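Got a structure here, written out as structure tokens. Questions coming.
Chain nomenclature is as follows: A, B and C, assigned in order of appearance, with residue numbering initiated at 1 for each chain independently.
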Amino acid sequence: MTRPQKNVIVAAQNAASRLADRDTPFVMNEWYVAAFGDEIKHQLLARTLLGHRLVFYRSTQGQVVALEDRCPHRSMPLSAGSLEQDTLVCGYHGFRFNTEGDCIEVPSQASCPKNVGIRAYRTHERGAVVWIWMGEPEQADLAKLPAQDWMQDPLWERSQGHLSLQASYVRLHENLLDLTHLSFLHAKSFGTPDYAKAAFETEIGDGQFALLRHVVPTTLPPVWAVPTGLTGQGQAARVVRSEFRSLGLHEVSVLFYDCHLPESERAQFRIRTAHMPTPETATSTHYFIVHGRDFALDDPATTRFMHEQLFVAFQEDVDGLALQEQALAHTRPEDLYELSVAADAPAVAMRRYVLARQHQESTR
Amino acid sequence: MTRPQKNVIVAAQNAASRLADRDTPFVMNEWYVAAFGDEIKHQLLARTLLGHRLVFYRSTQGQVVALEDRCPHRSMPLSAGSLEQDTLVCGYHGFRFNTEGDCIEVPSQASCPKNVGIRAYRTHERGAVVWIWMGEPEQADLAKLPAQDWMQDPLWERSQGHLSLQASYVRLHENLLDLTHLSFLHAKSFGTPDYAKAAFETEIGDGQFALLRHVVPTTLPPVWAVPTGLTGQGQAARVVRSEFRSLGLHEVSVLFYDCHLPESERAQFRIRTAHMPTPETATSTHYFIVHGRDFALDDPATTRFMHEQLFVAFQEDVDGLALQEQALAHTRPEDLYELSVAADAPAVAMRRYVLARQHQESTR
Amino acid sequence: MTRPQKNVIVAAQNAASRLADRDTPFVMNEWYVAAFGDEIKHQLLARTLLGHRLVFYRSTQGQVVALEDRCPHRSMPLSAGSLEQDTLVCGYHGFRFNTEGDCIEVPSQASCPKNVGIRAYRTHERGAVVWIWMGEPEQADLAKLPAQDWMQDPLWERSQGHLSLQASYVRLHENLLDLTHLSFLHAKSFGTPDYAKAAFETEIGDGQFALLRHVVPTTLPPVWAVPTGLTGQGQAARVVRSEFRSLGLHEVSVLFYDCHLPESERAQFRIRTAHMPTPETATSTHYFIVHGRDFALDDPATTRFMHEQLFVAFQEDVDGLALQEQALAHTRPEDLYELSVAADAPAVAMRRYVLARQHQESTR
């Protein structure tokens, strides 16, 4: 019967009040992924982002259009309407909108009223990814989008996928900042038992949070062992950097090499994974993923093999975080507290930062 | 990025506060349709009307009985009990009620306590329809039930149906008062492109709201063209009157004729549709429909053809209004506003009237 | 239109405010059934009791372990983790707990922090049943567990089962204290028409509530007639005692005999049923049942026959109480009232007692 003392619980609950969680309103002034570019065609796509219902389409010129998905006349979802060239026609009474969200026709009258329109959102397509800015338009600066050169670099091979997470995006960022969980949540996929116990360093900066782990020597799981050829027991080094780069992007960078060879003779193998969570609702998240490698280029079989193995592991995160979200939802508030350990420092700092960002927005 | 200016949004939100919507308590002092007569047999039928759970049956004398569907002893739904002759026996402890709602037997004791009973509701069967009065009994005046002679007239041919609408009944009335939507929501069924642009007049009275539209010349959709023979391109006149007659009845009356013939030689074809919404909950509605015509009498094949075509269209309303309801439910309050145009005048006046009726009831 | 007068309704609503219902917080300081012993094996079993999520397993020594089902680190359900010997390992970051709920390992660091742990609950296995005490540990006195000798007595034959009830446990206790309902809810299973009208006595004590009914002479339903041989019309006596023994245990004891034989020549047949409701949530209940008899021992065919017949009847309670719960949930508060009759006296006293127990706990 060793539940912590009441003062420990109260202290933990007080600490939690300074951390972002699913009750924290979304931070709007940030670039988030809206979709992969190949999802957006010359047809209407409805998607809820940051609690807002949007409709997307690609114009005849190839531009991504993102509009509010609600006709301001009688609230019909515009995604249930039709696309005529580059204009969107409401399926209820035929109000017509252009790509800027201006209403340009009301069929029941000869002249279209002024001052009727819907919000159009700024988007930016880079590589496979369409980013969106849903905050204050005047702050939509592309300089705020973290660099991600490898995602467009022809010397990297990539694959991508999209999962539906029934949990808060905050908990996904937290998950990614402490990969201790590889030994447990991913014990059957890409984790190994020694991972959790390996030495780690943390980096905590202003809006940049990282955890580095040197797992050396280790035995690689098949997803890495097969394509690198580092298949021996205890043959490999696995050096991992998990970094929160923005609310919309967490990057995991891994270096593999044969730790029994001298440094000069080592082949180096690098992989990177962009984990791009976009809140849908307080407890659901669009989870976009791009995975890349700088070896075995032009090798579709390896791409396919790695993609399949990786998405088994990412699904484990999705399943686990949904269970965590349910436990959070069904625990009585007085019984709810969480205790942190050293490896949680970057995640805790990140959650403090997210809450501060939200406070900053709401008090402007 | 042309969302309306903040002052336009605020003005629209203020205007909406004077209109009935799904948050408006139901107006009880009104005749609503409870059921079609052929739904009520000598067996128990449970149905929720205006947020109240009722149980219906037809007595051995053929009278419709409408009672509260909850035993006042231990809250068991009486519709889960049994009907014995004209008495209803609770399936839990056997309390027995007569058609007036009086408890007449408690099996566990010799004498039945006084002052135990359930509410019995006044009903009125007219033609195919069973009307119910759920408000103050002393106000249940049949004179308040709008005339509907054609619904019993032997010179009219009729068919009927019942749909389940997952939206507020207020939005169904609104839908019916502006048939502009025929060109869009019903583009594939009984709407035509010219409908929305046709000239219209509005009538706004005290509890009576109508919109008239002259679509002349026009090409009729098959549902009207086939039975009238007005199949030519631009051959027909379509003169439509949509009228809110009470909270329980909206009537659409249409006149068709060949607009190329002189007035004296024209055959006239009339159809009428009684749209009878009865709220179930704040966001669901029993949608009863009777459709009639004054031509092609005694022609069951035409009746069947028109009924099938019409119910495809009415289902489009049901599907569209459910989408609208979802958009209303999932839009943040601060982002929710609706802008009206000239054709909305009758619907806006109707919604103002419904709210006034409710206020009047709640302050008596 | 005979709904009771307003003052009758108001009086009933005031009376209800002194009775426990689904809104009454759970009484924690009581022994409740957690599970049947054969449900708990050397593997993890998740179950919600009294609104708390628990995880159960049987240790390698055969002891039942009951722990909070939430890792205090990051709220992962521990039931999604793994059992290693007698320790439970969280499936997220590998925190390890012993059977007392102490955290004994945090894989990402060499030393395990103090003061991390989860609550372990006291359990007591008796016969087929595992009891649990979720209240204040210092009050967990086995003397508070009502005697239940027949449940372990070798001279009694038993069978057991477990139903999921979508209703408050309070309403199940209420159901059991007035078996008038046998003639109606169980008309097709083990009720007979004369049951409800038979003479009854009530006993109302301090936390002990009972109703006795003498149904003499009567015709037994097959579940009792077949195994006792009392198959004749009006041949049998059926003497029933329903007794609330604690919030976790209601016992029904029945004596059958041939009422046409003189007392000295009568064979007596006794059955008992332990109805053991454990709240899951406010409106759902784990319903554990043990049924025993003191005749036809060592006769598995009779056990099977009776068990099947009985569980048809118990399912009727489960179905009926779920309908009652729905009616309670969907009736407007102003329209909700319940009127009691003489046979309700023990149940009303019981509900008053349960509320008093809860008040007593909450004000300590």
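Assume a residue touches a chain if its C-beta (ideal position, glycine included) is under 8 Å from a C-beta of that chain, and two chains touch if they have at least 3 such contacts.
It should be emphasised that the depicted structure is a prediction, and the values quoted were computed from it without experimental measurement.
Looking at which positions face the partner, chain A and chain C present mostly different ones, since fewer than half of the interface numbers are shared.
Rounded to a multiple of 5, the C-alpha superposition of chain B onto chain C involves a rotation of 120 degrees. One simple way to say how far apart two chains are is to compare their mean CA positions; for chain A and chain C this gives 47 Å.
Along chain B, no residue makes contact with two or more other chains. Residue ranges on chain A touching chain B, taken from their complex, read 48, 51-53, 68-70, 72-77, 80-81, 89-94, 100-102, 106-109, 113, 115-122, 137. Those residues of chain A lying in contact with chain C across their complex are 1-5, 8, 174, 178, 180-181, 183-185, 196-197, 200, 320, 323-324, 326-328, 330-332, 335-343.
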